[in-house]
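What follows is a pair of complexes built around subunit A, which joins subunit B in one and subunit C in the other.
So, the complex of A and B:
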């Protein structure tokens, strides 16, 4: 397979990756003793908020207050409210506790076990989760801001996103919302390959468990993460192609003292341990989330 | 520190220098709370450092009737019950009424973070209320945070580039966020051709003047006068 074919194959593989979910209604919102679970294979690249209208319909007859708006619903895993603007794959990498697959894992591909989530229709955790609106405008704004920022990082101007036509912007969002590759991919390809502009930085966000700060005035909420974002140029200062290891070593030398060997923690993307020698540009082209970012979690060794 | 090298963009060092100057000027003031400012500090969560200005939340004291006229969709938002909003400092008959010195007085935090992407300061705002009366929702934004005079500017392609709720980039919890996509443009317009002579401190003062007013943040004139001496 040529490099180009491999990249396309990987891109499609990432697009089609999904996680089986088993969603139960929280007992405080349920009028029945034991309601059925809602089962779905949901794309790693998608956002859980898109499930809410369907969950509302599914649990309608079990709800104590069935007329509640779906925008009052929120999902939780093990006491952690799941953020709307984090794609499912990132949430799973951060909170599921599933061991990431490693390149050295020689066993046959295993099926991911169902991730058991709870849906609530009351007591919205406003201090932890952004409120949604029933028109979906807020979620789209959060997504668009991320796309704009990624575009600015890649080309230094953000013009590719700014000059998208209304229909193209709409198609990009609808492609995400409906998880429709044919709608999404042509626009995404335009964003990733702007004409006449050299690629400058790779959009990378790192998600670290939020260590308790003894001087902090406020309590750390369960599942709280610290997001670290720094410029990740295509090449290192010694003009070598930037790898995952060199980028992590430069941003978080304490956690990654060695560019080639993970000693304290391993970076995780799409349920897999990232090889430290992988090129960040190749990763961006094959494995970025729909907003153009590499959202990377960590597993402690 | 010399002039800003790549106006309207700031380097980490320039941003740090401006923050340090602000903190030092504030600490040297004889009046400890100009313009309701309570504290100015840098917060560090490696590798990110940001500036936090904390004020008593004066906008909560006098919710303007204008604020009720318009929300983000142009509809009339429902003001919280009188006891909820006006009652921050109490209702005369309310035995649990709060005085301004009460520990339950809400504070408003303005976190100024140098965007690692856009290289301009970015403003994140949240209300710290021990009684959790002002959650980071659009309703709170339009009722208790946003100055009504600026509502139109926060919509669509207004100068402020939109104010919404989003996660704090360091603390990852919902706060109000002034989007920085037009900040560079606004700073160029404000500089009016004098950007070559602008130091980081002048930049920060000008930036607060341009981006902060809509959400109740101003640089008290005592600070500017003192630094200008």
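So, the complex of A and C:
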């Protein structure tokens, strides 16, 4: 395949990647002893909030207070409320505990086991999650601002996004909401190839897990995820194309003392270990999330 | 651009108790795994990519008719969430709970409240004083 074919193939593979979900109603909100689970294959690039109206309908007869708004619902995995502005693929990479697939993996492609989530319709964790509204306005604002921030990093002005027409902005969002590649892709391509300005930086966010400060000797307290964001130029200072390894080495040399070899943790994107020699620009063009960011999680070695 | 960038930055009058530190919780399963790591690794994870500065300078600018503040430069603890700055500005502007405040970076985007001041400063600081410029308005200003 030519480079262009490979890029298109990858872009489509990433777009169509999905994760099987098994969502159960939390027992505090359920009037029945044993309600069914809601099963769905949901796109990695999409946002869980889009599922809420359907989840509300599905669990309506099991809910203690069925007249609650779907915008009061929230999803949780193993005690962690799942953020609305993190795409599903990132949440899965961060929290599911599933081992990432690596390029050295010679075994046949395995089916991802379903990820078991819990939906709540009460006790909204206000301190941890943004409130949603039934018009979907807050979710759209969160998405749009992430797109703008990425655009600002890419070209240093943020103008490409600001100068999109009303219809184009609408198509971009509808493309995400309906997971419609034909609506989404033409606008996204404009953002990735701004007219009259050079690309400067690749929008990258790194999500690092770390243990809590030990407070009690015996008890294990929940650790946390820290987001690290730094300017990642397209080329290194020695004018070589920036690779995943060179970027990680310059942002956190303590964790990545070597540009070519992961010693402590491996970067993970879309459920796969990222090769350290991959160019960040190529990754941005083929494998970024809908908001234009490379959201990278880490698996400990 | 407003003046006052060379004056000593004011310290915000909000508690620095770490409640606003920009971190999300981790699952118990992963937390348990992390406790089994060698000390060096734990340390490398906890400190990786952290800014060597404990505080960063934020320069606030009123837009779209918002009230100017006497103090325009604040020093904020770098690990705090952007939310803390929004709370601080609300307090300084004496806004009522029903009144909105919109904050932007570079007149381009409104950061999510859980973004850290550190990350924003690192990517978007400007000028000789290396300040993060934040525009604030009481109605949406940058479409």
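We take it that the second predicted complex is superposed on the first by the 287 of 301 C-alpha atoms of A that agree within 3 Å, B and C clash if a C-alpha of one lies under 4 Å from a C-alpha of the other, contacts with A are read in each partner's own complex, and residues count from 1 in each chain.
Convention: a residue touches a chain if its C-beta (ideal position, glycine included) is under 8 Å from a C-beta of that chain, and two chains touch if they have at least 3 such contacts.
Bear in mind that the values here come from a model prediction, so they are computed numbers and not experimental data.
Trainee: With both structures lined up on subunit A, is it a clash or a fit for subunit B and subunit C?
Mentor: These partners clash in the superposed model.
Trainee: Would you mind checking which one, subunit B or subunit C, touches more residues on subunit A?
Mentor: C
Trainee: In the superposed arrangement, which partner chain does A:66 touch: subunit B (first), subunit C (second), both, or neither?
Mentor: neither
Trainee: Touch check for A:224: first (subunit B), second (subunit C), both, or neither?
Mentor: both
Trainee: Does subunit B (first) or subunit C (second) touch A:251, or do both, or does neither?
Mentor: After superposing on A, A:251 lies in contact with both subunit B and subunit C.
Trainee: Kindly classify A:131 by the partners it touches after superposition: subunit B alone (first), subunit C alone (second), both, or neither?
Mentor: It touches subunit B, and subunit C stays clear.
Trainee: For A:152, decide between first (touching subunit B), second (touching subunit C), both and neither.
Mentor: So A:152 meets both subunit B and subunit C here.
Trainee: Using the superposition on chain A described above, determine whether A:78 touches subunit B (first), subunit C (second), both, or neither.
Mentor: second
Trainee: Between subunit B (first) and subunit C (second), which, if any, makes contact with A:186: first, second, both or neither?
Mentor: So A:186 meets neither subunit B nor subunit C here.
Trainee: Could you look at A:142 and tell me whether it touches subunit B, subunit C, both or neither (first, second, both, neither)?
Mentor: Touch partners of A:142: subunit B and subunit C.
Trainee: State whether A:210 touches subunit B only (first), subunit C only (second), both chains, or neither.
Mentor: A:210: touches subunit B and subunit C.
Trainee: Between the stretches 2-10, 74-82, 92-100 or 128-136, which region of subunit B is in steric conflict with subunit C after the superposition?
Mentor: 2-10
Trainee: Taking the stated contact definition, name every residue in subunit A that is touched by subunit B in one complex and by subunit C in the other, in rising order.
Mentor: Residues 83, 85, 128, 130, 141-142, 145, 148-149, 152-153, 158, 210, 221, 224-231, 251-252 of subunit A touch both subunit B and subunit C.
Trainee: Would you tell me which residues of subunit B are touching subunit A in their complex?
Mentor: 45, 47-48, 116-118, 128, 132, 135-138, 162, 164-167, 169-174, 179, 181
Trainee: Which residues of subunit A touch subunit B in their complex?
Mentor: 83, 85, 126-131, 133, 138, 141-142, 145, 148-149, 152-153, 158, 210, 213, 218, 221, 224-231, 251-252
Trainee: Once bound in the complex, which stretches of subunit A touch subunit C?
Mentor: 77-81, 83, 85, 95, 97, 128, 130, 141-142, 145-146, 148-149, 151-153, 157-158, 162, 201, 206, 208-212, 214, 220-231, 251-252, 254-255, 264-265, 300
Trainee: Of all residues in subunit C, which touch subunit A in the complex?
Mentor: Those residues of subunit C that touch subunit A are 22-35, 37, 41-42, 44-50, 105-106, 108-116, 119-120, 122-124, 142-143.
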